[in-house]
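Some notes on the structure that comes next.
We call the chains A, B, C, D, E and F, going by the order they appear; numbering starts again at 1 in every chain.
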Amino acid sequence: MQDSDIAKSSQVTRLIDLALEEDIGSGDITTSACISPEQLGSAIILAREPLKVAGLAVCGEVFARVDKNLRYFACVKDGDFVEPGQKIAVVEGRVFSLLAAERTALNFLQRLCGIATHVDAFVSAMGSSRARLVDTRKTTPGWRVLEKYAVRVGGAGNHRFGLYDGVLIKDNHIAACDHIAHAVQKVRQKVHHLLKIEVEVEDLAQLKQALEAGADVIMLDNMSEDQMKKAVEINAGKALLEVSGGVTQKSIARLASLGVDIISAGALTHSARSVDISMDIIS
Amino acid sequence: MQDSDIAKSSQVTRLIDLALEEDIGSGDITTSACISPEQLGSAIILAREPLKVAGLAVCGEVFARVDKNLRYFACVKDGDFVEPGQKIAVVEGRVFSLLAAERTALNFLQRLCGIATHVDAFVSAMGSSRARLVDTRKTTPGWRVLEKYAVRVGGAGNHRFGLYDGVLIKDNHIAACDHIAHAVQKVRQKVHHLLKIEVEVEDLAQLKQALEAGADVIMLDNMSEDQMKKAVEINAGKALLEVSGGVTQKSIARLASLGVDIISAGALTHSARSVDISMDIIS
Amino acid sequence: MQDSDIAKSSQVTRLIDLALEEDIGSGDITTSACISPEQLGSAIILAREPLKVAGLAVCGEVFARVDKNLRYFACVKDGDFVEPGQKIAVVEGRVFSLLAAERTALNFLQRLCGIATHVDAFVSAMGSSRARLVDTRKTTPGWRVLEKYAVRVGGAGNHRFGLYDGVLIKDNHIAACDHIAHAVQKVRQKVHHLLKIEVEVEDLAQLKQALEAGADVIMLDNMSEDQMKKAVEINAGKALLEVSGGVTQKSIARLASLGVDIISAGALTHSARSVDISMDIIS
Amino acid sequence: MQDSDIAKSSQVTRLIDLALEEDIGSGDITTSACISPEQLGSAIILAREPLKVAGLAVCGEVFARVDKNLRYFACVKDGDFVEPGQKIAVVEGRVFSLLAAERTALNFLQRLCGIATHVDAFVSAMGSSRARLVDTRKTTPGWRVLEKYAVRVGGAGNHRFGLYDGVLIKDNHIAACDHIAHAVQKVRQKVHHLLKIEVEVEDLAQLKQALEAGADVIMLDNMSEDQMKKAVEINAGKALLEVSGGVTQKSIARLASLGVDIISAGALTHSARSVDISMDIIS
Amino acid sequence: MQDSDIAKSSQVTRLIDLALEEDIGSGDITTSACISPEQLGSAIILAREPLKVAGLAVCGEVFARVDKNLRYFACVKDGDFVEPGQKIAVVEGRVFSLLAAERTALNFLQRLCGIATHVDAFVSAMGSSRARLVDTRKTTPGWRVLEKYAVRVGGAGNHRFGLYDGVLIKDNHIAACDHIAHAVQKVRQKVHHLLKIEVEVEDLAQLKQALEAGADVIMLDNMSEDQMKKAVEINAGKALLEVSGGVTQKSIARLASLGVDIISAGALTHSARSVDISMDIIS
Amino acid sequence: MQDSDIAKSSQVTRLIDLALEEDIGSGDITTSACISPEQLGSAIILAREPLKVAGLAVCGEVFARVDKNLRYFACVKDGDFVEPGQKIAVVEGRVFSLLAAERTALNFLQRLCGIATHVDAFVSAMGSSRARLVDTRKTTPGWRVLEKYAVRVGGAGNHRFGLYDGVLIKDNHIAACDHIAHAVQKVRQKVHHLLKIEVEVEDLAQLKQALEAGADVIMLDNMSEDQMKKAVEINAGKALLEVSGGVTQKSIARLASLGVDIISAGALTHSARSVDISMDIIS
């Protein structure tokens, strides 16, 4: 869907509802007792460290689901860098609702900004290269579309979204079919004609088999640098080549220089930490 | 609920279903094409780095929701430390189902083990102390009960679960009531008699007001070490004292030595990375 | 949550939807056949006996879920007493929608006003006393937040909302731990620090054990008046004392005079009858 | 559906889930801390006052939804009378699960037995008569199928289940169509041919119009005894005659003697109180 | 419900959501890449063959669920005949949303117009007759209320909506009760007094038994024309007579001339094909 | 997913539940009154016309959701041809449950067998050809995975499942990007590397542009036979060529002989009628 519509998708709405239920449950007992239901105010959402913004829409959607009469204004755009103390968004309306939504809204924003900031660091480390850095399916369960969005905001690309929209033949599949050629053929017959076929290979012999079988994309799994160089030569531009496994901020520049087309890194999503963002009520 | 029942709770079941839908969607097209629906096999789940185990039950539940005929055997217990290459669990049944569940099951396990391992490091850094280390509400949206469970496995305790099961009067509440005493009184009248009342204070003057108002617990927010020492003296054991804000693995030992009762740290959950765990099919 | 927000909470919304489905199902076949979809009108909701009003918001929410273009105006406030024939609310819009929503809206209102009126009678019977009258968990399944709200409107207070937001150690728990002290200790270690601990005791020996174990609240279960008086003496203000079991409109004044802090009565919710309220269409 | 299947119907399952969520929420914190997850035991459900049993299946279903390994044995059948102290059911399994389900299971059972007992008193008061006593749509929202079932167990019959399975033309419908004959005709054209048509009339003139219009059933709304007698004469067996409005245990015998076919009473459901039933754990 | 409300009923909303999820899933990847989220435009929905319109509201509801800011204008009314090239509706708003909703909206409209057009042909073939043509329960699972609505638009009537709102005693029921009289009697006792009782009979002997048992409606199942004529004579207007089984556009005129009251035909819904309707974007 | 798992997928389960709710609703009132809940029996599902079987698993799943103790045995396999009177499946268990599930189970089976039989006729009409016949997204809303499965059983292939798993650039997309080359480039940058890109063209000039832009698949939309022949020459095997628009059983053999790779036909799903299948209870 359009990036602007992700926050309203059924998948994300269900996650927001789950999150609000687990935090608010049968009610915010402190605020109910202290704050009049009619009291109005504004809340400012502020960065507390340098960060790349991602998730403004989902943050706003949390406020909207708590109280559809809150008014939410983003002060920056997804993809912008902000400095500590800089305003990210303003929310106006019932103070009761602002306080009930605060923690959940910030928890979403902190994690998505954290990923975008983390990915941005990888992209910077990569330098200029024709290789494309992409994520993997190692995302936080329940968060796939959000985290893949934050990866794009951070400057990298996406690999397939799930098991349903891309073919990747792995060792277990090959073993079950006896041979790479057989596996590729079986898949080609069954899947629709708009899908490419990727094969994961562990050595150069398998690479050759995959090329002969007509694989559209080939993933070089945990190969040495030497092997990868030879793989690029053997492939000679026939299939797209993807490198995967243990990609770090340190190793990425070197990998990017080897001539492969795609570098995929689980760390983009599974090793990002939340960044520090806070909310202040002003009356 | 009992720790053993968390994985089957409605909250977690909904999260697992969300996760399976986002990964499997309309189907695992690669495996459907390559693997016969009748083929049986076993999968071994292995640690790829040293880690403290947490989440065995939810990992098993993911397999069960994909295919209720899979048989899942944990080889260790939550709370055990395992070494790289050590078996964590074995799953048996249709290879098709094992492959469809693999990524989602591992994504849950990697994150919960990651938190338990991270919390364990905090607890070790804390040394022996009468203070209790607890988490906060800065958890991944949708994951509250799971992450709070992993914190307990890691050796720390929990703060309140949400806005519904504990009273914490913050600056915004106090501002709305004009005075700490007034805020405490209003809450005391409204909430049921099994709830204690915690007040967040920013300086020693507020601490004294909170004590006079009869607060049961007082949170010292971002105070200097000196202020915290004085706070312990002023309190003289009347209320429970909690320290919060910017707690790190480095600072925790010192904080623990100041005589406060509770140290709460958002980093326990929001800054943990996933650990490396893999699944191999053996026939 | 704020009282004004209960009617829109996810729990209540699900109950309203359940109620509308069971009443309307595949459609109001009589009205569909007789009434033009465009016909507009007004409906007046009237008391048919003296009652204390509770549930205006949930009544309005039923109309809103049937047809969001209906306009609902409350003529009184929750907590007001009304006389037979007095207007409670007016609803305007499509007659078709008014008739489809009528029975469900009234069924909610009748029961909640019934509880508020019933509780009010208990409170009046209690006379002036420092004891606090509270409800129990003996509520109509699916109606917990609504009935506890009606209890508050009726003038009494709430006990814990469920098993998740308050600790009450009963005979079965004590039996499983061998001793009151042991049970209290185990609970103290596990639950978070914002929760008090209540222990149910059956005689004065148990009362003393509970006090020694540091129970914050003690429930005197089905004790004689003599025992209760002695319990108040023994306690000497240390713990909060709660009386429970067979509390009636007759016995409550006497119980209130014994010096205990809290009286809990299941009858507030489980023995209230619906009061008589009707709806008339005027064109 | 079959009476034996009501407890497993989607409507009732949703109500049970709502009820368990509102009571257990994020967990039974007392029992989790005190009771080992492996501890097994038995629970006995006992009557504490004389009552007519109804709802054994839904009571069992509550236990089953909390823990599908609990074994539930009814000691009596729905419709049986039991005395104080008599065993109603036994449940065996994990003590933890028994305690978590206890309150919700009892709350269902108490209310349904309360209705059956209450209805039974009405039926007894009615004496022998060819008139049929039936309920109305004045049921507790969310509880329609359960309460209508308890009415049948209590010895009375059901009126239509909702707006979807029976035609009842009321004053508002007549007003909108100008004339009874017109209203009956419009409905006859639109609804399917397996539905009878009932018309509510306020006086004998309307009764005659309804008869001429071919109404299959006629409801005499709040008529005097004299009017009702004349109505029986005028009708002369042509339509079924139903009496409604303010039926009480006192008035019912007299109404039953007037020669009408059906007496409908909202009090059967909306004025029943819960009866006293308890659960004891035995080890 | 009112025809105008069917598209917003919970049943239909769930079907629309199912349909949108299966078509859009994790997003319209083509449109997301090509079309700016802000681009506005209009879409025209056009007939591509002669057809009778049905389903304008549900078609509009699909657009509304994709994007509540789309504006949908019907150019004709349900029941109108349109020619190829004629405008059926116009939708305005974000092009992105128009394209995402297009296929699902058209798939609904094509099928419902297809049924109305198909039913209209049956009704025309029937000629003038006092018999009423009705549908059956042989509808597309999930589509019951929509297809029964399209049948009404097409000019026929409805039989019962489901197993819950009409009694039809079939051979299996009779077999289980030993005798038609016994079956009718058991049903009369159990169901409420606003329901008629229909009995399915296979020969004239059974017809007589059904009449004696007081059946309100009798279905002649797969009888020869001769038998049907005799059945009309035997019945002599006592019960309503319904003919069912293998009714086709060819046979219907003849059946209609036999003097029966009702003709039911599964073909109205289960043998209709979708008609051709398209959507064009104009900028 | 595996064909054997489709019937248990979340999408299909929701459709089955919707279908059972709309047919059974508040209960099968006829059967409840006539048939004892304990009565056991067998049901035979029989073909009433020649047909190709599809949907045995979903038919069984309907019975399972009504009563998990029913035992369902398929007598044939999906893809088998059966003759009138031939047994398709047998179901054993409570007669009450068999009758409640009957209509819904048959309605699913009738439609899916209808599609498979219809597709089989298209495939036979096509003769031997290297072209692949595939379906479109013109499926019954809510039925996508089931109907696409029946198409495969019928002997044809599938096109993309939805908007999420395949790229098809149509006229509206091209218009928004000014030029085919620009549209292809934008999509290539955004979508992941396992997806091919299909472009819909209306004439040979567009075909050449699409080829230059590097389209992987090109759809010839409503071209004349002459144009299609020239298109095959121009393409010279570079892209896959797909023909679409108004494909019928008559025209298909000719289309298949033109040398294109893929023929897509909405008629496979949107113009199939249900076939005749019945269920008999035998005791």
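By definition in this document, contacts are C-beta pairs under 8 Å (C-beta built on N, C-alpha and C of every residue); 3 or more make two chains touch, one makes a residue touch a chain.
Because the structure is predicted, anything quoted here is derived from the model rather than measured.
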Checklist entry - Shared touching chains for chain B and chain F? => result A, C, D, E
Item to check | Mutual neighbours - chains that touch chain B and chain E alike | outcome: A, C, D, F
Checklist entry - Could the interface between the copies chain C and chain D be described as same, meaning over half of its residue numbers are common to both, or is it different? => result same
Next on the checklist: Based on mean C-alpha positions, I'd like to know which chain lies farthest from chain E.
Outcome noted: B
Checklist outcome for this item: Relative to chain F, largest Cα-centroid distance belongs to chain C
Checklist outcome for this item: Two candidates, C-F and C-E; the one with more touching C-beta pairs is C-E
Item to check | Chain pair repeating B-F, as identified from E-F, B-E or D-F when over half of the contact pairs by residue number coincide | outcome: D-F
Checklist entry - Roughly how many whole angstrom separate the Cα centroids of chain A and chain E? => result 45
Item to check | Inter-chain centre distance, chain A versus chain B - centres from mean C-alpha coordinates, in Å | outcome: 22
Checklist outcome for this item: Between the Cα centroids of chain A and chain F the separation in whole angstrom comes to 33
Checklist outcome for this item: Shared-interface residues of chain A (touching two or more other chains) are 11, 21-22, 24-28, 31-32, 100, 144-145, 161-162, 164-168, 195
Next on the checklist: Could you list, by residue number, the parts of chain C that touch chain E in their complex?
Outcome noted: 17, 21, 24-28, 31-32, 37, 96, 100
Next on the checklist: For the complex, give me every residue of chain C touching chain A.
Outcome noted: 1-6, 9-11, 144-145, 161-162, 164-165
Next on the checklist: Could you list, by residue number, the parts of chain F that touch chain A in their complex?
Outcome noted: 132, 134, 157-161, 164-168, 192-198, 216-217, 240, 242, 261-262
Item to check | Residues of chain C defined as touching chain D within the complex | outcome: 11, 14-16, 18-19, 21-36, 39, 95, 99-100, 103-104, 106-108, 110-111, 137-145, 161-170, 172-173, 175-177, 183, 186-187, 189-191, 195, 270-274, 281, 283
Next on the checklist: Taking the touch rule as given, give the residues of chain B at its contact with chain E in the complex, in rising order.
Outcome noted: 22, 25-26
